[in-house]
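Dropping the structures in below, format is structure tokens.
Same chain, two partners: subunit A is paired with subunit B first, then with subunit C.
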Partner chain A sequence: MQHFADLTLNGLASGAVYAALALSLVLIYQATRVLNFAQPAFALVSAYLAYAVTAATGSYWAGFAAALAAGGLLGAGTERLLIRPLRNASPLSPIIATLGLLMVLQGAVGMVWGNEPLSFAYPLDYRGRFSPADAFALASVLLVALALFALYRFTPAGLRMRAAAIRPEAARLSGVRVGAVLAGAWALASAIGALAGMLAAPPFLTPNAFDAVFVFAIAAAVAGGLENPFGAVAGGLAVGVLLSYVTGYVGPELTALAALVVLLTVLALKPDGLFSRAAARKV
Partner chain B sequence: MAPSTHPLLRHGLWALAALAAVALLTAATGPVTDLRVADVGLHLLAVAGLQLLVGTSGQVSLGHGAFMFVGAYTMALLVVNLPAVPLAAGMAAACAAGCLAGLAVGAATARLHGPYLAGATLMLAVGLPAVALRFPDLLGGANGLAFTAIGAPPALSGLVDDTQWRALVVWTAALLGLVVLATATRGRLGRHLRALRDDPTAAALSGIPVGRARVTAFVISAGAGSLAGACQAYVLGTATPSTYALTLSLVLLAALVLGGLGSLWGAFWAALAIVYVEVAGTELAHALHLDTDVRNNLPVVFFGAVLITVVLAWPRGVHGALAALGRRFRTPLQTGEAR
Partner chain C sequence: MAADPALRTEGLTVHYGAVRALDAVDLEVAPGALHAVLGANGAGKTTFLRAASGLHPPRSGRVLLFGEDVTGAPAEELVRRGLLHVPEGGGVLTELTVEENLRLGGLVRRGRAARAAALGEVYDLFAPLRERRTRSASSLSGGERQMLAIGRALMAGPRVVLLDEPSLGLAPLITRRIMHLLQDLRSRTGLTVVLVEQNARTALRAADRAHVLDQGAVAAEGPSADLLGDPRVRAAYLGL
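The block that comes next holds the complex of A and B.
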């Protein structure tokens, strides 16, 4: 029973990371109908920049701020330079373009910092069951989710974002600068992705560190319904807890396959994810 | 050749001609080139299988490397545990194992589309190679399974050496696979898949069995992928999980897009690109005295950049560009043809 409780708490902490990355995927999918396969590369570049800034300044939090800023810039730049030109292309095109970006960024990180693991500092005590570091991860992700809900639901900026995503032409006619708003959504989402990278990075950082995290985040985002931020957060936490049980009782190597099985089961029962509303017409 | 010839016969004759060309090429060159020719052959088969899935039926799979993993490990397990099994039977078993895996994955993902399918197959590509780490006693863990591959038969010892023989074996398997793929693409299945790709609703209304066509495409594509994996294990004499990491699946897709979606010739340019970008990257790094970090990552960065460039500027790939060039040269002669 003790083992079970430990696994649950561990799962919630790692689930917070999956939830953050899933949240960034969902925000981008909502805004531009693109599943951003380059998201783990954004998190990777941000985490490596944080490593460099921390090494230069000696302050973890300076690195943290640099990571969030870098994530935001990468997101906005990608929307402007890569996604906007492909707005009217086939649905295959953005998938392939973001995969290309993933390969370029991951390879570039390997070129600059090498493929060997770098030791990444913990800002908080990480020892023991549900450590302060775990609490920080969970609290920061829940806080971000609440802030996002408030932003989308109660502010004019959030209203513009929803309008630009759902009816771009009508939004443009009403004076919304659709391009800027979508770039803003990408920047916001990618900053959240960078947060996920900062939470997932310790203790060792390698160019492939986020492949598994990304796989779990996709499982969380798709299982929660690609259009629902709350689904992403709930999906992330659920995937985290479930995989923690798989790690504890079956073996850590099989987590990715277990995530795939869970995802396929969910999709077989509800093809648009657990938290989707029934769509009148599939798009 | 008369247009009324049966397509299977026509493709078979083309394959024989290609095999003769490979035999001449390997006879004229040394062992290094032989192995590269073999490498091109097995990547051609893998990419051609992916072509049927992505190019013809429009299902984006990021998990093709997982099927190569299945083929390579089936081959290695057979040779390690039952050394008496003939090579052809090993290849056939690997291909059958891949078809089964493709049937399972295809049936499980038949209802998924676009980003959902891409995400699920991505998880397969990351998750499956880790199985080798979970069962180190059976599958050898991170070091994989090493075995001694059968060389040239004694009867041919004066004619072909070992590396030539390997290139010929790989190309025989690859061309057999290509004949099947070409016949399937040109035939009814190919028409069904293209209709499904372009408009699923209209295709279903015209009576095309949507689920069955998609799963069949998955099965054939996975069979080609695992046969290619078996060839790779045979050429390398080993199967390791790191060979079949996510990067392989992404490079296969990238090369396919570069070569050109929708044509088997595109798969050929893709296979050339996979093998020779690696070679050129190593040589460039030597010439410029780049360190190993840069050298190891050069091919991945190149293919990533290629994906972005092709999607933004050159959507039909190398084969599309060549076909356009060919049309430009031919047009003045065929003035009467409507097109």
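The block that comes next holds the complex of A and C.
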């Protein structure tokens, strides 16, 4: 029983990371119908910058802030310079563009910081079962999800974002500066992706550190429904817990396979995600 | 003391690829006027509105708003200068509630108090919207949806409203109510209304003056009564 509780708590903590990355994917997909394959690279660049800033200042939190800012800038810049010019291109173009960006950024990180693992600090004490660091991961992601809900539901900025995503032209006719709003959505989403990177990085950072996390995050985003931020959070936590059980009861060598099984099962049974409502959006 | 026209276009020309959909349209609407733009399906009415409101940049020609050249300004900026375009079908966001649609329209206004006051006025004007404020806009009837579209434009505090076929698909009684409402609005507030209609009879009854478009060019123009009384225009363009 104790083992089960430990596995659940550990699963929730790592699930928080998948949830954050899945959330960033879903926010971008909702806003611009683009699956941003460069998201783990944004998180990677952000985490390496955090490493550099922390090394220079001696403050973990200065690095943390730098990571979120870098994530936001990368997101907004990518929307503006790469995605917006492709708005009228084929649906394949943004996929190829973000995949290309993923490789460029991963390569650049390797060139600047090398491929040797760098030791990366935890935000808080990481010892013990459900450590303060684990609690921080879970709490920060839940807080972000709650803040997002409030933003979308109750603020003018959230209303603009929803309108710009649903019907850009009608939004413009109500005075919404759609371009700026969508860049803002990318910035916000990518800052959340950078948070995921900060949580996923310790204890060691390498240019490929987030590859597995990204696969789990995609599984979570698809399982939760690509258009559903709450599905992303719930999906991320569920994937984390499930993989933790698989690791604990079956063996760590089967975790990746288990993620794949989850993904395929959901796609076969409920292709719009577990939490999809019956009515599809009309464009 | 001739005031600048509320809206004026000079030689407005729009192409879709190689096709010329609007051909040097000159049009002038006095402040506070209710001005109709008529024409058969495909005549270029929607294209004219889209070019005037900044949704579709014209190939050539100018758009002047109260004497100020706004050619090439994007639609979202023209909203801030008081030019509101209610597109064909209303452009209501059916994923949002009625009130969210209206609040969206009011976001260009400065200050919470001004937004709240505008919301109250729109609800006074359209009682059915107040009753359905928390409902999804997708639950509205066609007439209510058109009210919501007009209400959302009014939320921005417009000086000029462009309406694209607000009567499309509505019962005659509802259409008449909307026409009365527009007339009432402009006489109370001095709002300038440009009304695009295929239904010439309805529009000419409400409007002071009208332009008739044919294949992208102006085929006739003048006071509504004159157009209604001109047998050539009636037969060739108005289908009356």
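The definition used in the following text is that the second predicted complex is superposed on the first by the 278 of 283 C-alpha atoms of A that agree within 3 Å, B and C clash if a C-alpha of one lies under 4 Å from a C-alpha of the other, contacts with A are read in each partner's own complex, and residues count from 1 in each chain.
Criterion: a contact is a pair of C-beta atoms (placed from the backbone, for glycine too) under 8 Å apart; a residue touches a chain by one contact, two chains touch by 3 or more.
These numbers come from a predicted model, not from an experiment.
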{"item": "Subunit B versus subunit C as contact partner of A:Ala163, first or second or both or neither", "value": "second"}
{"item": "Subunit B versus subunit C as contact partner of A:Met103, first or second or both or neither", "value": "first"}
{"item": "Partner chain(s) touched by A:Ser174 [first = subunit B, second = subunit C, both, neither]", "value": "second"}
{"item": "On subunit A, the residue positions that both subunit B and subunit C contact, one per complex", "value": "none"}
{"item": "Subunit B contact footprint on subunit A (complex, rising order)", "value": "29, 34-35, 37, 82, 85-86, 89, 91-93, 95-97, 99-108, 110-115, 207-208, 211-212, 215, 218-219, 222, 226, 251, 253-257, 259-260, 263-264, 267-268, 271"}
{"item": "Touch list for subunit A against partner subunit C, complex", "value": "156, 159-160, 162-163, 166-167, 169-178, 281-282"}
{"item": "Residue ranges of subunit C in contact with subunit A within the complex", "value": "53, 55, 74-76, 79-80, 84-87, 91-96, 100, 103-105, 107-108, 152, 156"}
{"item": "Residue numbers on subunit B that touch subunit A, as the complex places them", "value": "54, 58, 60, 62, 108-109, 111-112, 114-116, 118-120, 122-124, 126-128, 130-131, 133-134, 245-247, 250-251, 253-254, 257, 293-294, 296-298, 300-301, 303-308, 311-312, 315"}
